[in-house]
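Next come two complexes, and both contain subunit A; in the first it sits with subunit B, in the second with subunit C.
So, the complex of A and B:
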């Protein structure tokens, strides 16, 4: 008399419950590891962005003058040369136009 | 047979595509496509990829994120700048962006984010550059763009119109990011009137250098000034080549009718942060050991507002500080405008202030968007539908802002997900 369990055609995966749980546990650990590795690298990428941002905010905190309208050099540029913001000289030198690049261009 | 690429989206004189992909290095892993805002990369997964330059906005995010270093820049000005530096008849002016000073140190072994401004000035003086700090130009941009914003608000809210200049519509977009500008020109041309008419700080700097700088600061002939943008950005190489950016030359021809005639660009060359490091190394200059040098030149003076331009939210914060002071007559208190700081893709804030000119209280709604690929579409769709609640929107293509631009140093650990694993890979 055969002691082996009957092999059903519909059930090709012939594992016991214990084996099934062991294999599942192994697969989860396997997928969790690379996912964690990838995630750790992605998170690291933001570290250097944050470090550079902190550097610039520190530059701002250290500055004696922290608002653009108090930049003495810029004030002199307006006095000596440009006139006033949006004035004729500013318009000519510091402003521009844009183009629709879906139309025929030169 | 060579395939002639018909380029439809470039003006004569513009760089027809700053970034290209080296077919020998590309493995077809599709990482670049995860960073491309305009779906400009062609090629199926597993095959060699290529860049469609008519769609590409030159941002370089593919370049800094490719695990195999396949994308490369088609424009390299290092040799040209080196030869100009040796020419005693040329005044070479380095226009240094804010984001460069917190990253250039990384190319010389300093920790990420080291604020190396004074050493950078020292190294550049040694190389023979005159310093034009782009933060000065950033302050100038705030004056122009902030005033422009106020005229738009006064026109929209109080119907005040200037006879010389028709105010544009709200919301107003910042225009300092050349990738963003090309993005709008290609994909949303109907929204062009929303872009600020102000040039970017780089372009303002080039123009000022070749007019005011030449005449009042260095006392040289404008034609002998060679301006070099030193930028965290590959798109700036495209921006400098735009044919409309020859304002200084046009101005000089007008002012001095006997001018030399040939139009010259406001910005002659652009070096990325990586390019500058390479140039300094070629000259044998170690930035990490350069003497800390301050520059007292008027064009190197900048405020805290100008320096934060390199961060996402920085332009907006600088603008708010000035717009608040102009409208209310009082400084913003505190100066730190925290709601627009940080790495969230879309940041919004409201500023309620008393407009002393019209004696009315106004609430200005601002938005800050970075990482164009993930975050811009809903903002633009809202504007097209006429439902946008915002008055002023800062847009930066690169995630984090210019500090993470396509021209910045690529960390040794690798920015791509495979960077840390590459020594284990058989095909590297």
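So, the complex of A and C:
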């Protein structure tokens, strides 16, 4: 006499071997293929960004003027108009103040 | 046939999987809707996001563990969920008899069903595909959004939102009908068994074609 509290179960051979392999293969493909595609897109994008960054660093290395305060146009702007860096005119025209906009957004 | 004969409909590993689904998906749905509507301040929204991520991690681990440890059940479920026939068309034509039962108190004949009726099969198919999409997009957006191309990250966000909202709405129907079919509710949440006579009435094809006596099996 069985001691189990139930008398019937599902037939465990409900799925044939072919069906099992087909369905499990389809499920694995459904998850693995999109993951592979996304990974490839991310790698391609990051290769592009790395190439751009390498180019920019190379431009920097080859440039004659490599700091902004040696830029002739900027030096002339301060000389002719803005006065000293962090002076009153440059502060007024080039700097901003922090405004808390969280309440307005909420 | 004994009056008190019962069928083991949901074995323990299925019930365990479902427990973790319930524990993770309901917080995910609730926090997901709140993250979409944004009714609270920044601190509370951050807390909701942390809850959402934690519940998502539990759901992902649960799904992966069940896939690895119970692949046979996953395959069987997939086979049942994606097998449709004329009986299913006829079932949907009367919507399973539920609207007539609830609104008109009338019992209409429905075509004979297997373990899952046509509505349950549709829900199962949506959960399977939708769950994979939610887990895939959610993991990508949580773990490596900065690595993805911007357009892809945006698309993943849209997919995650639309599928999440759709499954949340479908879940409400599932919860209502799951509790309504109380024998099945007890089977899934308590002991896994349903009365043989009940199963023969609501799932005759399953009982005739897929059930064996445990004495015959041994």
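Methods note: the second predicted complex is superposed on the first by the 66 of 106 C-alpha atoms of A that agree within 3 Å, B and C clash if a C-alpha of one lies under 4 Å from a C-alpha of the other, contacts with A are read in each partner's own complex, and residues count from 1 in each chain.
Here is the rule we go by: a contact is a pair of C-beta atoms (placed from the backbone, for glycine too) under 8 Å apart; a residue touches a chain by one contact, two chains touch by 3 or more.
None of these values were measured; they are calculated from a predicted model.
Of the two partner chains placed by superposition, only subunit B is touched by A:59; subunit C is not. Within the superposed three-chain model, A:93 lies in touch with subunit B and out of touch with subunit C [touch as defined at top]. Touch criterion met: A:5 reaches subunit C, while subunit B stays clear of it. Look at A:45: by the touch rule set out above, it reaches both subunit B and subunit C.
Of the two partner chains, subunit C is the only one that A:15 touches; subunit B does not reach it. When the two structures are aligned on the shared chain, A:30 is found in touch with subunit C, with no touch to subunit B. When the two structures are aligned on the shared chain, A:102 is found in touch with subunit B and with subunit C.
Touch counts on subunit A: comparing subunit C and subunit B, the chain ahead is B. Overlaid on A, the two complexes show subunit B and subunit C touching the same residues of subunit A, namely 38, 41-42, 45-46, 102, 106. Those residues of subunit C lying in contact with subunit A across their complex are 2, 5-9, 41-42, 67, 71-72, 74-76, 78-79, 115, 132, 136, 140, 144, 147-149, 152, 191-193, 196, 210-215, 217-218.
Interface residues of subunit B facing subunit A in the complex, by the touch rule stated above, are 8-12, 98-99, 101-103, 106, 111-115, 117, 136, 138-140, 142-144, 146-148, 151, 165, 175, 181-182, 184-186, 189, 192, 195, 197-199, 203-204, 207-208, 211-212, 216, 243-245, 247-248, 251, 298-299, 301-308, 310-312, 314, 318, 321-322, 325-326, 331-332, 335, 341, 343, 399-401, 403-404, 411, 413-415, 417, 419-421. Per the touch definition, subunit A reaches subunit B in the complex via residues 37-38, 41-42, 44-63, 65-74, 76-78, 80-81, 85-86, 90-102, 105-106.
Across the complex, subunit A meets subunit C through its residues 2, 4-12, 14-15, 19-20, 23-24, 26-27, 30-31, 34-35, 38, 41-42, 45-46, 102, 106.
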